[in-house]
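Following: one structure in structure tokens, then a few remarks.
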Amino acid sequence: MNSAIKICVVGLGRAGNFHLHSIKLLNQFELIYVVDTNEKLAQSVAEEYGCKWSVQLEDVLKDDALDAVVVASPTDAHFDYIRLALQAGKHVFTEKPVGHSVNEIQTCFKLAQENNKALHLGFQRRVDKNFVALKQRLAELGDYRIVKASSRDNPKPSYDYLKISGNIFHDMVIHDFDMLMFLFGALAPESVHAIGHAYDTTIASFNDYDTVLVNIKFQNGMVCSIDTSRTAAYGYDQRIEVFGEKGMMTVENERNTALNVYTKDGMSHEPYNHSFPERYKDAYLEELRQFLEGINTGLHTNVIEEECVLAHQLADAALESIQTNQTVNFSQFVAK
Amino acid sequence: MNSAIKICVVGLGRAGNFHLHSIKLLNQFELIYVVDTNEKLAQSVAEEYGCKWSVQLEDVLKDDALDAVVVASPTDAHFDYIRLALQAGKHVFTEKPVGHSVNEIQTCFKLAQENNKALHLGFQRRVDKNFVALKQRLAELGDYRIVKASSRDNPKPSYDYLKISGNIFHDMVIHDFDMLMFLFGALAPESVHAIGHAYDTTIASFNDYDTVLVNIKFQNGMVCSIDTSRTAAYGYDQRIEVFGEKGMMTVENERNTALNVYTKDGMSHEPYNHSFPERYKDAYLEELRQFLEGINTGLHTNVIEEECVLAHQLADAALESIQTNQTVNFSQFVAK
Amino acid sequence: MNSAIKICVVGLGRAGNFHLHSIKLLNQFELIYVVDTNEKLAQSVAEEYGCKWSVQLEDVLKDDALDAVVVASPTDAHFDYIRLALQAGKHVFTEKPVGHSVNEIQTCFKLAQENNKALHLGFQRRVDKNFVALKQRLAELGDYRIVKASSRDNPKPSYDYLKISGNIFHDMVIHDFDMLMFLFGALAPESVHAIGHAYDTTIASFNDYDTVLVNIKFQNGMVCSIDTSRTAAYGYDQRIEVFGEKGMMTVENERNTALNVYTKDGMSHEPYNHSFPERYKDAYLEELRQFLEGINTGLHTNVIEEECVLAHQLADAALESIQTNQTVNFSQFVAK
Amino acid sequence: MNSAIKICVVGLGRAGNFHLHSIKLLNQFELIYVVDTNEKLAQSVAEEYGCKWSVQLEDVLKDDALDAVVVASPTDAHFDYIRLALQAGKHVFTEKPVGHSVNEIQTCFKLAQENNKALHLGFQRRVDKNFVALKQRLAELGDYRIVKASSRDNPKPSYDYLKISGNIFHDMVIHDFDMLMFLFGALAPESVHAIGHAYDTTIASFNDYDTVLVNIKFQNGMVCSIDTSRTAAYGYDQRIEVFGEKGMMTVENERNTALNVYTKDGMSHEPYNHSFPERYKDAYLEELRQFLEGINTGLHTNVIEEECVLAHQLADAALESIQTNQTVNFSQFVAK
């Protein structure tokens, strides 16, 4: 048995809390620091979990006893925190994004390699049992021809969050781009097309969209359509369908309960899980467990650099497409 | 009770046969002629059904007793047959397409109106109980935001057919464009985008595609994604999903039987109907019944001219998009 | 091609009408008589279908041109009509029951054999595609261990009908007993048990039940549970489940449409077909077609005598069980 | 926040292990003893969990610091352990059964009341989200008319276990009887009927059954059919259906994943959870959490004495019925 990995969580909002909970359940982590720029918050969380606290990650990184850092801060700070932690020789688990540019992403992966530390990305769908089952059986389909994914959030995130989230492509569709990487690897895109609308006038005022459709043609012929909405009246909706030469595989939504009700109005069952924390409850635990396993086995990352960069570029290209009303030629776009 | 409508079927291939069968089941039609350029075929079908035959529609149209014509010939001849029949004062039921250009379509609708005759289009999905049920309840969704349709044929049509079918957009996706018209009316498109591939090298040699994805942005904000394949290993697959402000409605595939089998390998049920004749068996009868009803009640058409023209233009625009690798600005495109 | 079978329908109520409709669709029948004790009804139906009529079957049977008789009268008259028709050398299609005792059933089968005529029973579930599919695959299950069937009618039949229907076992559960015969053949029952209740006070006043549960142990170890209700708020409900050594097969209800609706209240679809005429629409046609085929090929019956007798005895035994509150030892019971 | 409840687990087999795991996850328990008649096992588990151990519960009960006992031993010892623990003033959580006779059950409930301690029964289905959801909505059905339950285990338990399990009614169907209590309360049974078979010759040699069907008539008219099998080729199968005046509710099996696979052979999904530990993973944790909550809030039990007694009597009556091939008149039976 390995001795406990001493860990710090930076960013104590919703994502931070998930990870604190997971750390508690996983015996092999020992939480020794929590960090948040909000001093009161840091202090009270530290009390609850019986650990030390700080408002500055740099201070904490000086502690040689610290092995690993979980980055769960607002996205603006991700790159800096990741960079500092890796430079200090700590393993890093981070929520997406790693950085706001290809350059930042590459810098982080390079630092992880140079320092021989883990850089683990929090793409929780990669460890969800349904998508894992899909990936395991995918090869039975022969060549992959059409991919359709729906990601519809619910309830709508707060405007405070949406204001600083960047845009729907980098904040939300990036998970679907990563799902493409997870399932198919870093295939070469030929063109990217995006259309959409902001039904919510506040979201429109941020020059953002709440409903988008992104279409990608890959050089091998595969076409892919991703639709995304910031809200779905019937609950959190996340599905994918892969159509290939020899058949089709779909991952449908998980049901909350297996209860069916039949009345004079027909058959019904209750809405889907109302938000991602319930939908991915098991996955949030599993991703931290895999981070731990990666540290113990020397595995550097769960997402290779090429895939991380490509997902980021697809989001860049989709944004370019919707803003110009043009199909983006991908290779010309990234060459710019 | 109305006296029987005396009818002629022109084109005695697969579609012609469906309609001959429907005419027999519907008491109020009396088949008096069959027409096909293949003399032997015309003769033998006439014998089977106990009616007269010809190789030329013009001859038959001279018969004042004839009330109506069903056009089921290869698509190249549609426009001429429709025009001749309407000019001769006959009601017309026709398989799509009405014509190969906006001009031809408009000519037909004009002739129908001038001659006060029915011009009924064979878009069988419009009378399928599932899509009718969808249309009836659609308004419950509030505004319509995302539409996704899949149309995957099976088995693959013959190369003889595919060679003269025009292209996948005008031959196959046109049914999905018509479904948009049926569900939402003639909404104004803003842009059209199409990507795809020919996995079948013979189809590639026709400069056609077997797998395409078409995306449309409408001026009201609605986005629409249609994927189509000439083949689907698991059987004929036709589904649609409408996502709106207040929820989502989907039409799934009908199952062949309600048998479920559970073994150590899991649960399974048999493949879907293997081709459109079985899937739309009831609809093929219903559309001819509605043609009859239209004649009796003086209803001119089941598809208004504007919708028919728009569906054709969407196919034109999709073809332009895939050939140029560009998003097509719809209003500029039709203005050309 | 065989020449048309000249046919007569006796009993012009609901069942009679189904069969008149089927006869019209099947070209190889020629309806030449309709018979009903209600003179006005017989006359008006005859006019509608362009055939002769009578109030007495005997008169009609004298016509040598007549080939076959469909018995669709109230159940009290079945045995006499069947007997007379077979004695007159006509083929017989009859709704259940053939007779009200084992003796009557055996008499009919004997007459059919002696006169070399078809005696075809209207157990429509035997030709329903779902139950046919089940039967075809059943052997995959290895030995059969548990059978569960639900038959819940809707809407509740009229009290006029229920008053003369005999009782729920002979009128309704008999279809499930026949389904056991169809699927498994005439297995030897060991014991029969029935419990139930009349929630409807009018049905209670007929000394009948509206809700019953019948359980059978077969000598080979198989146990079987059948539940039946005269009404089901959510629509006509007919399902069966066979559990065996190697798995389970179920036939679920067919859906009316493939439309799913998702709202904040969850997912729903519309009620099942509201009554048996819609549920078994195709089967009603198919059973007459098979009657025709049986006549043409010399096949005497679709249900062998032994199965017909056994189903009747199971209904007798179930009635005995519910009336005595005892488990019925089947072999002792039939030996009485 | 309450201080930790000091707890002991007696019986360190499979069930004991589930509870040890749950205790670890629930912060408010502190495991201070493990007890098993197998000294080596007790010692090694104690080492793993860092607690004390014994081969005799009596010794441990002398420790005043101990608050609560989890009884997970073979069923023969349940009553003695429960009695001793309650007499020693400890709260008790026990796997079923509480005892092997009505007298033993009543003794335990009386001791719990006299000592003002919790007696919590491990009927895990009572806290499963699906059955909880069913119970919450059940009243919408109006009067309850037909109840059908299936409980099919998989894989087959070991013969060692089966040999000492009593019989299938007291060991397995008891859970379904308890489910009736959970859903409907202690309704008055009118009659009980059971039939079944032993396909497994070893089970037959124990004078036990592997496949049974139990039917109950209640005095209010409700009929109930429960089928049970010690094995199911397609995986653990546990379903219930309640049919009432205004509709029907069903709890189906939970799926392992939401993956659907469509090929030329049809649609399929993987088998159900292969055994109860996976199926009721969440429920095993939840029942211990509710035990804790019961201790903290002074709630004595999750199953009232009357229900516990009645479930036991139903198992007695079912056994009597199958052994005598008779329907058991319930009130006469319990009066004996």
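We just call them A, B, C and D in the order they show up, numbering each chain from 1.
Definition applied: a residue touches a chain if its C-beta (ideal position, glycine included) is under 8 Å from a C-beta of that chain, and two chains touch if they have at least 3 such contacts.
It should be emphasised that the depicted structure is a prediction, and the values quoted were computed from it without experimental measurement.
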item: Chain at maximum distance from chain B, centres defined as averaged CA atoms; value: D
item: Pair with more cross-chain C-beta pairs in contact, given C-D and B-C; value: C-D
item: For chain B paired with chain D, centre-to-centre distance based on mean C-alpha positions, whole Å; value: 59
item: Inter-centroid spacing, chain D versus chain C (mean Cα positions, whole Å); value: 43
item: Euclidean distance of C-alpha centroids - chain B vs chain C, Å; value: 41
item: Sites on chain A at which at least two other chains make contact; value: 233-234, 246-248, 262-264, 270
item: Chain D - residues contacting chain C, complex; value: 143, 145-146, 148, 150, 152, 191, 193, 195-197, 199, 211-213, 215, 217, 221-225, 227, 229, 232-234, 237, 243, 245-248, 321, 325-327, 329
item: Residues of chain C touching chain A in the complex; value: 233-235, 262-271
item: Contact footprint of chain D on chain A as seen in their complex; value: 25, 129-130, 133-134, 137, 140, 246-254, 256-264, 270
